[in-house]
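Let me give you the structure first, and then I'll get to my questions.
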């Protein structure tokens, strides 16, 4: 099968690149080995949240200069322009966001932590300044017996910052029915029950009923709106006081929604989305990749002018560490393993920066991969498979995904 | 005496919440003594919780140590009766590989028979049929009554029974001084490791059952016990590769036992002498991992492609023989020291050496001695009375849910006390191990649970494939609801995840590394727990 | 061996690769509407680990699994979740299938009995009293209409009208028509013969064809499925020996014979598997290699919405069908969101599953209504029943759409 571009990886990176290329009229296929890490995303994107000294970043654009030279941001042109483009791209997919690249805001985590963020999905609970909360009284409302949202933790974190907090619970007969499953009372299943049975009003009534007084803010677990943002917006409007969502443990409803809407947008633009298949190898000729094979399209290959490797890090199986070494399994491209071996690629304490996280695919200044030392002219890498950054410690994972994806799309369009 | 003084006076204080201490407390209590059990951290934090979980038939010692072999088989048969819910009757194989001397087998079988251990030579083909995971190259096999035993459950059952017989038990209470008056130990000074408060308790007899740390307890009392801490490392695999214990039929060596425990299997051990100062923070080295894997694959080749969940290390309390002035010769079997006759220090006994298998016998020996000193004549009943949870009962039926069946496996007949049948209690906290909210609540209320690590030892929360990826957070939520404040729960959660990582780090490749990255993405990326922790836990052996 | 240590962790059925990320649970069509189903993660990798310890951990609730394999498609770690669940049912279930399940599972037997009586059987099966009996006694849901049985089986039609002319072609395939094309909808088989003949391929029947057995597996009759599978494999080996690739028009039969035979039934199909291809894939690959060309009618215009059937998605062959359909100039192509329609073979026919079945499919039906196509294209016959019944929109196999849009004479000229 012939396309203009083949993208390996169907998560935030792959779909961002795919949409950008499809918008430019290219015939693009995305090959996705199962579903992506967006399913763990709590509805926010980060550009750069923490500098190398470990301090929270207020202005991400200003802090980029100080990053080490091998950070992927050093290989992209105008981060500000790309960041704006990313936000427009999300908007075009029906993902409304708030925030900008010049000023981080803070999001509330499912256990009451506060983390810097670049963009948050509309409706998510955010704060401009973690030292000055905008609320005096807050109700943290959970669904009875829903274990994946830690309302007492959120409450305590707010109390510590001087907020008056009440913890409330609600349920409805339909949610009680869903609770009969000991293992499947998950955010996404709650969302499906509410959508399928059209329960937004019922849920709103139940929430309003459990609120016995006025609050500045009502915080709810993000369990609404798996296929679009509409249900969530509706619910927030139906609640008597200002209300916002806080992410839950995964699978995360806002994350799944982002995945769904990006994929839909890509398909609407004529893109071919192949899910549940994986690239198993490629045919290289000189400094070019001619085609790739997949596990399931036996007998057929995927040919293209350009290829993008966006298969993610270890947890997405884009990188593999075995007993002896770290490698890239799809095409066997060169990896920056930083001279590490299994005795030292994992640090002793869990919160230490883990050296393995900075390993990844080696790229040149145009984000092109190399194989056996030869730069491959039409094979690019983007997202968390890139070496040189630790998305957890720098709080830059989704920014690296989107910004490098857009840069790669530009590089392809300009080549 | 005032009331508070009465409350501070016991017949016996037992130091150490491992299986030996718990068994001793039970025995003393069953003889009618007023007992206090003290443990600096949690039950089974030391060697008890860091071994194979193997219920030896004694065959391993048959050739080299006849006495131990006899003790083992006797206790093996006893534990099957009294600790049914902690034991799984798997049987074991002793296999001869082409590189081993098949001639050893005949001696082995003969010595087993002499010790009273049923040892049946079977055809290698039959061995493969019985245990398909075994190395197909084997040239000989002997079947013996080895079994698998859960040390956490066994210890807890002994503590519960001790309490049922009137004993008191204090966890997180560390002995910081031994009180001596006129050549007699009269009590101990304790520090509450949670809040730092100190208190003094008195007893006519103090029993030192602190394993390798027993040498430090003895030091406090001014007596010397020569101990050699021997570190043994083990690896846990993600699922059961084998259903029978697999041993090598040769002189005992490193990494030659593979035991099916619960839903996993464990290969071990290495053996290396380490300084006692290091015993509170042991880590498995890359070299040990390599040796365990290489040797383990000889027992069951599929270990080479099975995910390793974690590595861990324990310390065997090897004791130097009193009769060897060089101190190099190691005592075999159980060591009971009456410090009155040995060192002129009355009211102080040490029980050490031995093995988990013979804990009950060790307890009996030292309790006999304590009773003699206290003039109590009641005979030992610990071999006859079943432990709580092991009373006869009809086995679970097919209608049991996954978590109910798993819970029954963990708590035996005490499972009746776990609330279930309603949506709230049936919700799963830990999906890998099938731990429900009801079981977590039961553990918090009845099984001395103060933190997530305690909870893990009682219920297996976080012991499954994902090592706490979602369940630890859910469990922290339930704990917070029941017991403690949110900040304490968050600190606890952070400590727990670090403890899980400690075991994963030495085997962090393949799926385990991918899992670790996902867990970090959730806990640090999504939840931001790394920025919320206030108090870091200091108890290294605990984490 | 030392060099291979821990290079991969692959237990026999690879559940060790599960990272417990729970993504599969998002895509399970059953757990969202059936609280008594433990979900793919619990029923699959989590449960398997404990079943390895003790088979008593098997839970009959696993029968609620549709075997749609959407969990496998979603899994980023390539865990064969659906296989694990179905294999556990085969290995551990002590539940024996009811008469109703046996009847539903034996699609070819029932078809053989019904076809000669089609004029009687079809109206009878639609009569209210009969449906009431089926509902009450047989527990086949009253809302369901059995697919019509054709009076003339495909095989009979083929022997009478087509067989004689097949040898004139230079190249040949053997056609595994499956129960549906044979008993219920011979037109599909006729369409295939039309298209393949047009591109210069003769079509032949297998020496002996049995139902692929997918319904037998789903209804707890693995032994019968295995026997039938062996018959099919023998026939196919003979055809392959003659140089005939095997072509099919049902994604489910294809998936069953290529993958489930080996994974669930333990049938050795390694020498046959690669020769079995779905007709759309077969055609696409011929076109891709430049061996054939298709010409289409100018006057064909249809808005076609493609529905990815579960097993089609699992095989990863959706692009073959969709790219083929997109070659038809007159097709206004729409891709529907990939989700289960809820029928899952015989599952939706059972009284106890009817409401769940419709609830599962509801978002798909809504999606179809929004797109307002002239017809829905899908490679699976049971999806066709479900979607037609639930939306009223006609559903066609892509081969029928191609046959309909094909300019036969022009195509023949291009390929002679």
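Labels A, B and C are assigned to the chains in the order they are written; within every chain, residues are numbered from 1.
Simple rule for what comes next: contacts are C-beta pairs under 8 Å (C-beta built on N, C-alpha and C of every residue); 3 or more make two chains touch, one makes a residue touch a chain.
This one's a predicted model, so the numbers in the text were calculated from it and none came from an experiment.
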{"item": "Greatest separation from chain A - chain, by CA centre", "value": "B"}
{"item": "Identity of the most central chain, Cα criterion", "value": "A"}
{"item": "Inter-chain centre distance, chain A versus chain B - centres from mean C-alpha coordinates, in Å", "value": "42"}
{"item": "Chain centre separation (chain A, chain C; CA means) in Å", "value": "34"}
{"item": "Distance between chain centroids, defined by C-alpha means - chain B, chain C (Å)", "value": "52"}
{"item": "Residues of chain B touching at least two other chains", "value": "401, 428, 431, 470, 509-510, 514-515, 518"}
{"item": "Shared interface positions of chain C, touching two or more other chains", "value": "5-8, 19, 21-22, 38, 41-42, 77"}
{"item": "Sequence positions of chain A contacting 2 or more other chains", "value": "37, 40, 179-180, 182-183, 250, 315, 317, 322-323"}
{"item": "Residue numbers on chain C that touch chain A, as the complex places them", "value": "5-8, 19, 21-23, 25-27, 31-33, 35-39, 41-42, 72-78, 274, 281, 284-285, 288, 313-320, 322-323, 335, 337-338, 359, 362-363"}
{"item": "Chain C to chain B touching residues, read off their complex", "value": "1-2, 4-11, 15-22, 38, 41-42, 45-50, 52-53, 56-57, 59-60, 77"}
{"item": "Residue numbers on chain B that touch chain C, as the complex places them", "value": "238-240, 260, 262-263, 293-294, 297, 301-302, 304-308, 396, 398, 401-402, 405-406, 428, 431-432, 434, 464-466, 469-470, 509-511, 514-515, 518"}
{"item": "Residue ranges of chain A in contact with chain C within the complex", "value": "1, 29, 33-37, 39-40, 177-184, 186, 188-189, 192-193, 196, 227, 250-251, 256, 264, 267, 272, 274-278, 294-300, 315-317, 322-324"}
{"item": "Interface residues, chain A side, partner chain B - complex", "value": "37, 40-42, 109-115, 144-145, 147-148, 150, 152-153, 155-157, 160, 176, 179-180, 182-183, 185, 247, 249-250, 252, 313-315, 317, 320-323, 342-343, 345-351, 354, 356-357, 391-392, 395, 397"}
